[in-house]
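Submitted below is the structure of interest, expressed as structure tokens.
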Amino acid sequence: MTHMELWIDILIVLLILTNLKLMGSSRLSACIRTVALQGILLGALPLIAGHGQIPFRVVILSGVTILLKGVVFPWLLLRALRTSNTRREMEPFIGYSTSMLISVGLIGLAMWMGGRLPLPVPLKSPLVVPLALFTIMTGLLAIVSRRKAISQVLGYLVMENGIYAFGLTLAQKEPMLIELGTLLDVFMAVFVMGIAIFHINREFDHIDTDLLASLRD
Amino acid sequence: MTMNMTLLQIPAAFILAPLLPGVINRTKAFFAGRQGQPLLQAYYDIAKLLRKSAVYSRTTTWVFRAGPVISLAAVITALFVLPVGGSAAPFSFTGDMIFLAYLLGVVRFFTVVAALDTGSPFEGMGASREVQFSVLAEPALLLSLAAMSLIGNFHTAEIAPSRSLFMSLSEIYARLTMNAWAQSGTVLLLAAGAIAIVLLAENCRIPVDDPTTHLELTMIHEVMVLDHSGPDFAMILYAAALKLWIFCALLAGVLTPVRSGNLLLDTGAVMVGIFLIAVGVGVIESIMARLRLLRVPQLLSGAGVFALLAIVLVLRGQ
Amino acid sequence: MSLILTAIIVLCASGLASLGCGRIPGRANAIGAAGTVLGCLIGLAPAAEALWSGQAQALHMAWPVPLGSFHIQIDALSAFFLLPVLGLPAIAAIYGKTYLAAYSGKKNLGASWFFYTILVASMALVVIARNAVLFLMAWEIMSLSSFFLVCFEDEKEATRKAGWTYLVATHIGTAFLLVMFVLLTHHNPSMDFDHFSAAGMNGASISGLVFLLAVVGFGTKAGFMPFHVWLPEAHPAAPSHVSAVMSGVMIKTGIYGILRILTFLGHPDPWWGWVLTGIGVVSGILGVLFALAQHDLKRLLAYHSVENIGIIALGLGMGVLGMALNQPVLAVIGFAGGLLHVLNHAIFKGLLFLGAGAVLHETGERDIEKLGGLMRRMPVTGALFLLGAVAICGLPPLNGFISEFLIYMAALSGMGAAGVSLSGIAVITALAMIGGLAAACFTKAFGVVFLGEARTSATEKAHEVSAAMRFSMAILGLGCVLIGVSGPAVISAMKPVLETVTGYQNYDVAACLAGSLAPLKHISAAAVIFLAAAGVLIWLRRWLLSGRNPAESGTWSCGYLRSSARIQYTASSFAQPLTGMFGFFLQTHQEIEPVEGYFPSKGRLHTDTGDIFTRNLYRPIFKGVERFLLRLHWIQQGRVQLYVLYVAVTLLFLLVWNLR
Amino acid sequence: MILTLILLPITAGVAMLGIRSAVVRRCLLMVVAAVHAVLTACAWAHSPAPVLDGWLLLDAPGLLFLGITSALFLVVALYALGYLNREDWGKRQDFEEGFLFSNSRESVFLCCLLLFLGMMTLVTVSQHFGLIWVAVEATTLTSAPLIYFHRHRRSLEATWKYIMICSVGIALALLGNFFLAVASTLSENSHVPMLVSRLIQSAPQLHVLWLKAAFLFLLVGYGTKLGLAPMHTWLPDAHSESPSVISALLSGALLNCAFLAILRVQQVCVAAGQGDFGRNLMLGFGLFSMLIAAAFILQQTDFKRMLAYSSVEHVGIMSLGIGVGAGYGAMLHAVNHSLTKGMLFLVAGNILAAYHNKSTRDIKGVLTVLPFSGLLWVAGFLAITGAPPFGIFLSELTILKVALDQGRFAVAFGYLLLLSVIFIAMASIVFPMAQGAPSGLPTETSSDTAIAAVGRESALAIIPPMVLCAAILVLGVYIPPVLQHVLKQAAVTVGTF
């Protein structure tokens, strides 16, 4: 194991831990910070994986990623949190300890699936694909199991992070325009969601999604 | 020879038919130990009614007046396809039995409609029963005739275009020889039984109906014609007599299988048969009680079963 | 060909014009009626020519829709069906002009005429179309336009329900037809009738399947039991001239469809004939039984359509059996009977519906228990209704007898052949019972509506209908008599039609028909004797009564002096012995408050005979499907978390499933 | 020209924000819609040259869906003129729950509307999978404010669900894109560009397993947007709560864009010899969508939701069509469904405007109150359920024929059964609404005064749906050769017939 691969593995383990932390904590501000950390780590991933000689475009992309995921999104969300006077995720559909347990199970599933998908080109670390899958699943789990609208946005972000992790390490040859477009879209999505949370807060005086269940059959 | 008889059949029916009710009544009187009506009572009645005027209900319309006329006309037309014994009818054609049955249907239809025209509850009641029983009687009659038509005929695998396997009434009756009885007696017996029951039902005799009762609630045919009077009623009586004649002739044709070719012998035999059947009807009326109305459908279904059995036998047996 | 196209265009154009005049009811009425009559007359010309010459005419044009081409043809079969398809609507249109006038101002008459003309045009197109897409389009347009006609009085709940039932039934029926046509054109890029073949997958014959699909699909339109449930709902709800067209003609397109499909399927199997015969027996007997139990005059007539379709099916069943077993006589006579009954039923059922419409028009009442004594107020209508009633009962000397007689002949003549005997017995028994029951039913209908005394005040204002309406009915009545006395001529004229249906050569058909021509000639002669005898008797009666003075009095009520109209026998009580006897099939619902005690107060009896197939077959199926589907409603709970879960689970499931 | 098609609505949309006069804004909307339509027509006449190294290119499927989008947008823009005129811009009461609400600003609304058009155009012309993804996600984001036009709780809820579910779905599609990239990686340093044409060229060399996984992700991802069950859950909410103008566009144009995105992947799958894999999946989703749609149309109490579920049904049919190999039928169905559903939503808007009520149980007598809308409502019902002489009949028949010709009897049976159930369920809703004596009107007085209060239907509310009705009527009896040509080409492109 080379020096660099070690660093990659450490990064991956850290990313996995951020996921677990997210599933285990009830304080929303802490969750947001965790996601911010995850974004920064993610942004750093291609820089470390780059064999020393890092192309300019990777630097730019990493910079934009760290800026957006580590700074802009958390800032947006923290603002929304502050206006809504919400501190904690109360009574999620799936409890914290259960969520942790499920997360552990999901790691196993991700490992299995990663093993079923042999990559055409050998990777720096065999953990990347499982990590990406696990992060995506964590994000989905957060969306599914939490009540607060903000938690769901966080879940979406985590999921996006997972996809990004996959993309950054596997498909570096993507044209930059597309990468930027993708990032822009994610940004817009979070922005629009933030606006929506603002309106939800104004309309219902809190950001629980419980009241957002009147349209049904 | 045959030609002569053919032409004579219809006048014979015209003249002799009213004698049949007389025979029945005399038989009943005999069994009851009474003197009874004259044998020619029906002729007297008709003659009397023809001389009379009529009374019409204010409720009635021309339908009421048309009823007897059309009924009688239909019965008269029916006589044209009726073979008496082995001698052919003036009109004999494939499927004439259906024509015959449906002409009797016309009689029924117009009798019923005329009854309903009076607006009387009793006549309505009679009409209702009349149509009920005919639903069962009609299939029985047709099926038994069909069974007889198949006797001795069920061997050609393919129907030749030129000639139908199925025959006219006259042909059927012409073939009902002693030989036929010897070969398929069961079939003929069953068919005859069915026809006999239909005869009793269609002509309103005991055990289906009691023509002499005076309790209107229990009557069928007689109650339907309560309001008719004068010449109309005469036509009804005459039509009823002719109808009885038709059925007696159908039954007698089966039961008197004398087909010697000798006109006198054949005709004599069937005439004797007709009047013996009338006597038989009288005997039945004397010794049986009228069935409850609810039982009548069972009796008629029995006729239908006879006819069906006859057909099944004839199809299986050959 | 141009004439029939002209006819269709004239019909559509007059419909549109009538629709345009929706605000001026009188003009809409006049344009609609006149256009229909004109269009129909134009269209009848090529039909008559094709029947006369026996030559088929065709027109084939490209049509840029998938699978479609504009291919039409008038052969003898099409021409034969064109006669009622264009004839009856023209007559009914004359009637409808006056009939609809009563609704002017209240309803959009223009729309009604629009759908009427479209209905006629699409029916004509159905019988001449030779491409499946064209056929199906015409077929569905026919169904839809008649649906809108049924919904004419949509402010009534019952009408809406009837329309719904009809729409659902016809749609499901069409689904079967879609499959049938597609199977017939297996792997063929064109759906022209020319390309139909019964060779299906891997060369195996699918003709049996196609036949069954045709029976269900077309049978739904025709009203075969148990697919008839829409018929007794929809026909009464429509305006009467439309009922006449629907009952008299439109349901016959189903019969046409079956016949047309039979011509593509090659040599039939015997079981096809047994299926048709079975359907005929069931439809015929149950149809007339249900008719007997009805109190609604138009509903009663609608059930009679089921019965008559049953009779037609008996004829077709005999015909198919004859073809299957190589018995040409049986085949030809059976088809002849069935086909002639198609025409006959159009005539007398049209007449009866128009008569019922006249009663409805004058009294506003369809419940026969509330009518009575109309014969004196509406003598012409009454007499014509009586004529129609006699004809539909199949009594000589009218037309109904001729066709039933032919079917009897077929059954009896086939009795000897193996494979037919059982069906033959069934046909004879069924026809005889139907005859008896129909007589019961129509003596009831005619007797209770027209004879006796008025039962309620509904009939007080009634008087004879207008000349135009009487004229329409009289034409149809004349048709009943003419066909009744000219049986041999009619049958001879049908020779090309039978050739088309059976596919037999010229010689065969003529020879097969010969056996039935002689009896028909005799029957015509006997009819003359009958009429002569009746004439003589009428004269005799006149003569006998001429000098005398017939008295008038009240009806003899066996001693009851204060009789009232209400003691008359009602329709229910008239039918009771028979409905009681067949109670098992009818399952009549009875509400009874018996007359009890020494000083009885009011007693009451109400009977209601719904359709057993609706109640015991369709409703449970529909309820079951509904319950199953409603159970799925928990899916849409409103929670976004759950929804995302669906997405995730679906994805996970697919991944695991495909990456095993 | 392709760039003009995209940039015109985008620039105009941005410009909208700066225009203060309502008249000018609306004129601009009409002008853009008309110019867009004219340009599209030109594109139909002469296929425009590809731009940006073939990233933007109009092939047959793209042309087809661009045509639908543009035509529908023109008609809807016309309707929108009347709609915006009718709208009350102040605070007003919600008719269901009674609280007060207002609309978002017209300039924002029109801006998003035009951006939405631009993004949909981008989807139809994109040949690069990444670009397609960007464009599809952008349609979601630009249409979210449109759904939240009426600023009240229910529309907010619908918007939230729309963004959330669609974003998750599209995110999965992004992962699918990456998988596709993996599949197209031939060796360490060589890979196939993510262009449709290039991928098809080198399809045999792609990694099958990754391709399959990519297809699954893209199918589920774009399927969420398309409204395939069970990912359809946002669809009824968004369609019922957005203004009818938007519902018409969502159903008529947006769904097609997602469909096109799936077709692109299917194209690659077919070229790689995995056509059956994709087809079977689409078949399954199609049938399941029809089943779900049937379940929810049954006894549906909200007529706009009913139309939304009907969209689920029809995307199911389209998907099933591709699944059985009836590409032509599916493409034709897309055309017919877009026009029909657009018309139905516009008519639904008219009904809603008159009745202030969405309940199918309360509303009665539309034919009496709104003669034209009522007529169109009934005609639209017949059209959408596949009754001739409307276009959907032909496309459904074509799909059925292919299914049976392939020997897929069970599929054909399920297809017809579900179509029948849906027909019955919709008939039980539509006809009671249309027929009978009027009831359910906002003014609870005698029906005559209530009808008078509704007044006569305005031309701008009637003509657009009428135009669409005429179009589907024509498509039911005559398919123009040029359209026929494009349809056949498109069917060949997706590897079907």
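As written, the chain order gives the labels A, B, C and D, with residue 1 at the start of each chain.
As a working rule, a contact is a pair of C-beta atoms (placed from the backbone, for glycine too) under 8 Å apart; a residue touches a chain by one contact, two chains touch by 3 or more.
Nothing here was measured: the structure is a model prediction, and the numbers come from that model.
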Remaining touching clusters (ignoring chain C, no chains moved): A, D | B
| item | value |
| --- | --- |
| Comparison of A-C and B-C (more C-beta pairs in contact) | B-C |
| Identity of the most central chain, Cα criterion | C |
| Chain whose average C-alpha position is farthest from chain D's own | B |
| Inter-chain centre distance, chain B versus chain C - centres from mean C-alpha coordinates, in Å | 35 |
| Centroid distance [mean C-alpha coordinates] between chain C and chain A, Å | 70 |
| Separation of chain C from chain D, taking each centre as the mean of its C-alpha atoms, in whole Å | 43 |
| Whole-Å separation of chain centres (CA-atom averages), chain A against chain D | 31 |
| Interface hub residues of chain A, defined as touching at least two other chains | 117, 140, 143, 152, 209, 212-215, 217 |
| In chain B, residues with contacts to at least two other chains | none |
| Residues of chain D engaged with two or more neighbouring chains | 160-161, 164, 168, 209, 213, 236, 296 |
| Touch relationships between chains, expressed as pairs | A-C, A-D, B-C, C-D |
| List of chain C residues in touch with chain A within their complex | 633, 636-642, 644-645, 648, 655, 659 |
| Complex contact set, residues of chain D against chain C | 160-161, 164-165, 168-169, 172, 209, 212-213, 216-217, 219-220, 224, 230-231, 233-234, 236, 277, 281, 291-292, 294-296, 298-299, 328-329, 332, 367, 382, 385, 387-389, 393-394, 397-398, 400-401, 404-405, 407, 412, 416, 419-421, 423-424, 427-428, 431-432, 435-437, 476-481, 484 |
| Sites on chain D touched by chain A in the complex | 128, 130-131, 133-134, 137-138, 140-141, 144-145, 148, 151-154, 156-161, 163-164, 167-168, 171, 174-175, 178, 181-183, 185-188, 191, 194, 207, 209-210, 213, 236-237, 240-241, 296, 300, 305 |
| Contacting residues of chain C [partner chain B, same complex] | 326-330, 372-373, 375-376, 379, 382, 386, 390, 393-396, 401, 405, 408-409, 412-418, 421, 425, 428-429, 432-433, 435-437, 439-440, 442-444, 446-448, 450-453, 508, 511-512, 514-516, 518-519, 521-523, 525-526, 529-531, 533-534, 537-538, 540-541, 544-545, 548-558, 563, 565, 567-569, 573-578, 581 |
| Interfacial residue positions of chain A with respect to chain D in the complex | 117-121, 136, 140, 143, 149, 152, 156, 159-160, 163, 166-167, 170-171, 173-175, 178, 181-182, 184-185, 188-189, 192-193, 196, 199-200, 203-204, 209, 211-215, 217 |
